[in-house]
């Protein structure tokens, strides 16, 4: 999967809103007091940790929306691996704008790079298998599109984007429907021909029921490694097998080795720490 | 500091936007297929971890904006300490709405509770001192107001909310101005009488310079414990002393014992993991 | 497929915007001049043509957003078949609000009912076959969600909702990729496991190439009935077969009889005439 | 009446919203997978039917908002008459953007051209008379400004734009007021000196009453040709005479020949089919 | 002209935006600190000056949007004459909400009442004539609809609401067109049949030219009383005569006595001082 | 205090909204009819009164948002003193855009210059003292940021921007708390370390109580000159002393001479008349 930049129409409103959130009603009163209008700042965005970078376009937008006179030159591209000190971008322009946009730019790039890095680490841990890492809908409210992008930047694959682009039948749906098979049938009768259906199963009996009526993917939730292995054998290529539950850097390799196609991880988007990225100013 | 709920005018647009992000263009196609219009769901929001809860109002709004017929009954209030199994709220109403809003509601309450819990843990670690925990502007873009609220729910104190409500003179400001004293003077001449001024100092020499011209607060950045102790002695009550840098649950007590007034922690808002909160359905 | 109402969160902003478009800066100056504040209007929304009704919720919202004191009582539900004179809803309340909202309410319900009716007519024409009618992305800008809903109300099935929820490889994609198979492979490598892939083919050779690499659905564009029949035989259940091009009420039965699964029709949403629906006031 | 382009401030938000509606949360996943970043597309927007073109500015904006690097060169101007094959514009630029914006651009230009073409056809049918074609408030919700523009592009004249820019007293207003004369008097007393007043009359007796108190225009609703002729004679230049009801290409000439000034036609905006316009790619 | 309330759809977004502007990111920190959640406030909105009140609905909305539990009881209606001490409304509810919304509510009602009062004073000064007071487009940006409403509340009449609902040919238009008559003819050929045309004339020669080609209204700009009298005689009922320029409470009667129909006054909306209105709390 | 331009991100949405308010649904129908597309206008923005100019950036934006081809060249900067005839800016470009944006541009610059001029006049009246002029929260709804900026342009200082950036304890807060000291203590316990606290006192006894517990600023409301003098003596540099109530150009000098630091004036933003600024066209 090639990493494709998000359309500017999708990210510009988010960056604009984030800047307005920080500027408040009066703007950056500290910088306004200190930097003369003609004061120029030169700074380099640099990593302070190992990881994978993501969100450079959003950082660039933060500076350019504050002041179009700021030049933002990417040195790296999203998805690149960085080490401490690695230069990600060079920024030069009116100091007022550079300093005013700095925090918002870093908030985006460090958060998204954190997600990308966590994804990359997990992906590396399972790279000896065919398993791919995917995220869930446990994303930060209002930031789903860019967080899913960060997962892709880290080498993860896409899961569904919301409630409407694929069907995911969960335990409560099954309870309401009265069974796995009836749930799948109801959904299949309801959705269009371009909607895939995945069903969450907690037991091998449920899996058998699901495979019996046919389904595009099965979410094997919180199964033991033995169960996962047996599930993969039962599926036998008839559906995509996705493991979830208690996935960590330590457990991921063994889970992947069971033969599942996907491992879904909620904490990539809800709990991954940021990647430490900062600006190094050149005050000569 | 009493915890005061955020005005609904501030939180409603965020919850609405989060729901729309998840509903996409067609809504919850899975639930729509499975749950009949008259199917009723009863569920309890419960903690699955120790921590402090925050964001119950946002969760309530998520359900009520999806379907006003859903009854959301809080059992706990924001700021309450929870243990695994603790019931936070009871929700009952049309199953379609309950299932459709579930993820958004949990995304809010688990994220904010994660921040509140991390804050509470740090606060507990320094509770034998006068030091208070505060957060920074390293918040999630678009969620600053609610994340700062979560810090308060966890017992933390407020820092500035943006670039315009207080002046914080940082290292790059000082470099541009050419010194601590001149930077403070420029800001003082620029801002209104209701704006406080804080200055970041890296050395005791800078601190001395700051105290010489007078300032409301000093950010003692990345100082050793010895430096912090000396800084507190130098300040001698003339300014608020805020320590920052390398704060963890382990290092916080010693930092607090130096006598600083505040300890600021970026990772409360940029890297705290969520608190695991889920819904337990009653399918009888 | 049961018809499920669209979430109010999706339709309310559209109805609100439509009312504001009509109210302009000063509101309904004619009605304001003529109807006293306590003047009550009673009216019945009635069909003036045979067809299928859709959009009643939007009409109800139009009245309720203008004045919550207006009572809107549905007599029929979306998807119902109507004949001239059939009563769809009864509306009663302050005359100012009723008259001010009337045109917007009718603009929604007549347009959506026009789409539903056209869909129902086409569906009836192919009801002796397994073929289902689907629409395309040739929808009215800003109204896609409600127009796709109207197609469902008329008995049609869903196609993809936008550029991001399913992959549809068209002629120009194939030209850029350099062939059907390579195009499908590139897309498969790029998209997530819950994304279906459909490919448009103009010839049976292209179809063979598509089936060779495997694909979820094939769009058989502008093929003759003979070609369609052969295509269906070639597909042999391995993909969904969708016919498109030159579909009219007259041609649809024969197309459906070729054995295709779906018939997609752009004019359902871009050129269907409205269904004539009006309000009959009771001025006693 | 010269055709004046709509201000970009009015059309840009509509085009932007339409693109976002189509891009969803992840953008054009098909094109992203297939077209390399440096792949260039060259295409010509061409008519496939006889008609009058309108909406070229909106199509241009669709491409430019997706990617400012796309060059859109108009070959024709809105209001121009086209024949099948006529080239309307040439578009060249990064293939990703061109293919992603194509459908939205065509949705606008084909819909507006459909309205312009229908208006032009009707206008031609009455061109031997002084009658002008006008549209109504039966426009597509959210698109009124651009649909009224399309009517002008087709040679039609403006009617009122909403409820607030002119008074139009309809049958229900008359019923509430208790008569034509009292209704007109109430409105005249209420509105400002720059607001014109039109009254809908169903009978010649009502017309006489209207002319007695004076009014700027009369809407002669569903009258026979004889009634229209008599109405025109009664009006005798004292008001604008507008005929409405059952207007088709076939009936329009005779209606126009009665001497009315305007013929208003709802279906221009609510039921006109699109004009078939497509893109011809040059894949050399 | 009866005063008709503005639709809530028009005023609600303005009041909501004004509250958010005041609440900022953290709400009313003073009131939150002082008033307990169950503290109840009782207060009366009262005039402190003679004048005419307007904007009560907006004040009510300010309180209700902050907290629906607040009861706002109007004692007077917009357009009522008040004396110092006159009670306009009674407000009771949770003190937090009442105090937080107070300033926004008063900002609306005092500003709009200031406009209404100035209009009423001017209207009274010309009440022995047929002249009506009207305002211009010199309104506060973003508040035109409510300011025009305040003029109506003060007994003024409506002028056009914007650039699109009536044509007003000004001196620069005439200069560009090359003369009064050609300007009027160009506009008449361009606009729809429900658009009135007014022309600004600086001399009686221009007036004669305007009347020669016919026009709905003439704006007699900065004419002497003698000129105005002569202009009225020349017009002789063939157009509405509007005087403008140097209108004050002192000059208005004589201007009105020249026989003009309207006197337009820019300062009603751009420079009228507020009417002093406050809240009297009952702290028993 | 140097005058720093507001970030374009803050002012652009306001100017855009103001233009849309004026353009309505059809734009400037008068200018569209009269000015040919290639007609060029040259005009100079000039003062017609003595005063201080503010808002030039907003005027520039108005022209540029209407048509980017318009060149707006500032001759003066905000904060400059002008005399009748003083040229503020030169504007040249397509006449359609220039004439369409003219009123909105002038509405901004004349209103903000009116505020700046009133502030400058008051500031001049107290320039022999240390007192600075400040404004209040009695600003025009939706325009607070730009009105506060205008006060700064006129030489005034900032007061708080809203309810959340500083605490201002007023009479009703004191009544609810039960006293000045308890009110201050409650607020101090509630707010963050970067929030200043001001308290409104009506009597010297209250002032003494406030100074006893310590506070950043005191608002001396409606005190006599004698009281103010005594208050200043009592404060003795321990807090900022702000006088308010009955401030006019005439009373301000004596108030300032009492030694207060600040004089706050509501009418600067709620009742200052505009500064007369117009456009002089060059029609050669």
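Chains: A, B, C, D, E and F, in written order; residue numbering restarts at 1 for each.
We take it that a contact is a pair of C-beta atoms (placed from the backbone, for glycine too) under 8 Å apart; a residue touches a chain by one contact, two chains touch by 3 or more.
Keep in mind that what you see is a predicted model, and the values were worked out from it rather than measured.
*Asks:* Report which interface contains more C-beta contacts, comparing C-F against E-F.
*Replies:* E-F is joined by more C-beta pairs in contact.
*Asks:* For subunit A, which other chain has the most distant CA centre?
*Replies:* With centres defined by C-alpha atoms, farthest from subunit A sits E.
*Asks:* Measure off the straight-line distance from the CA centroid of subunit B to the CA centroid of subunit E, and report it in whole Å.
*Replies:* Roughly 44 Å, centre to centre.
*Asks:* Which integer distance in Å separates the CA centroid of subunit D from that of subunit E?
*Replies:* 33
*Asks:* Two-or-more-chain contact residues of subunit E, please, as numbers and ranges.
*Replies:* 2, 21, 23-27, 32-33, 100, 144-145, 158, 161-162, 164-165, 168, 189-191, 195 - these are the residues of subunit E that touch more than one other chain.
*Asks:* List the residues on subunit F that touch subunit A in their complex, please.
*Replies:* Interface residues on subunit F, with respect to subunit A: 2, 4, 6-7, 9-10, 144-145, 148, 158, 161-162, 165.
*Asks:* In their complex, what parts of subunit F are in touch with subunit B?
*Replies:* That would be residues 1-2, 134, 157-161, 164-166, 168, 189-196, 198, 216-217, 240, 242, 261-262 of subunit F.
*Asks:* Flag every residue of subunit F that touches subunit C in the complex, lowest number first.
*Replies:* My answer: residues 21, 24-25.
*Asks:* Could you list, by residue number, the parts of subunit A that touch subunit B in their complex?
*Replies:* 14-15, 17-18, 21-35, 39, 41, 95, 99-100, 103-104, 106-108, 110-111, 114, 137-144, 161-165, 167-170, 172-173, 175-177, 183, 186-187, 189-191, 195, 267, 270-274, 281, 283
*Asks:* Which positions of subunit E touch subunit B when the two form their complex?
*Replies:* 16, 19-20, 23-27, 32-33, 65-66, 96, 100
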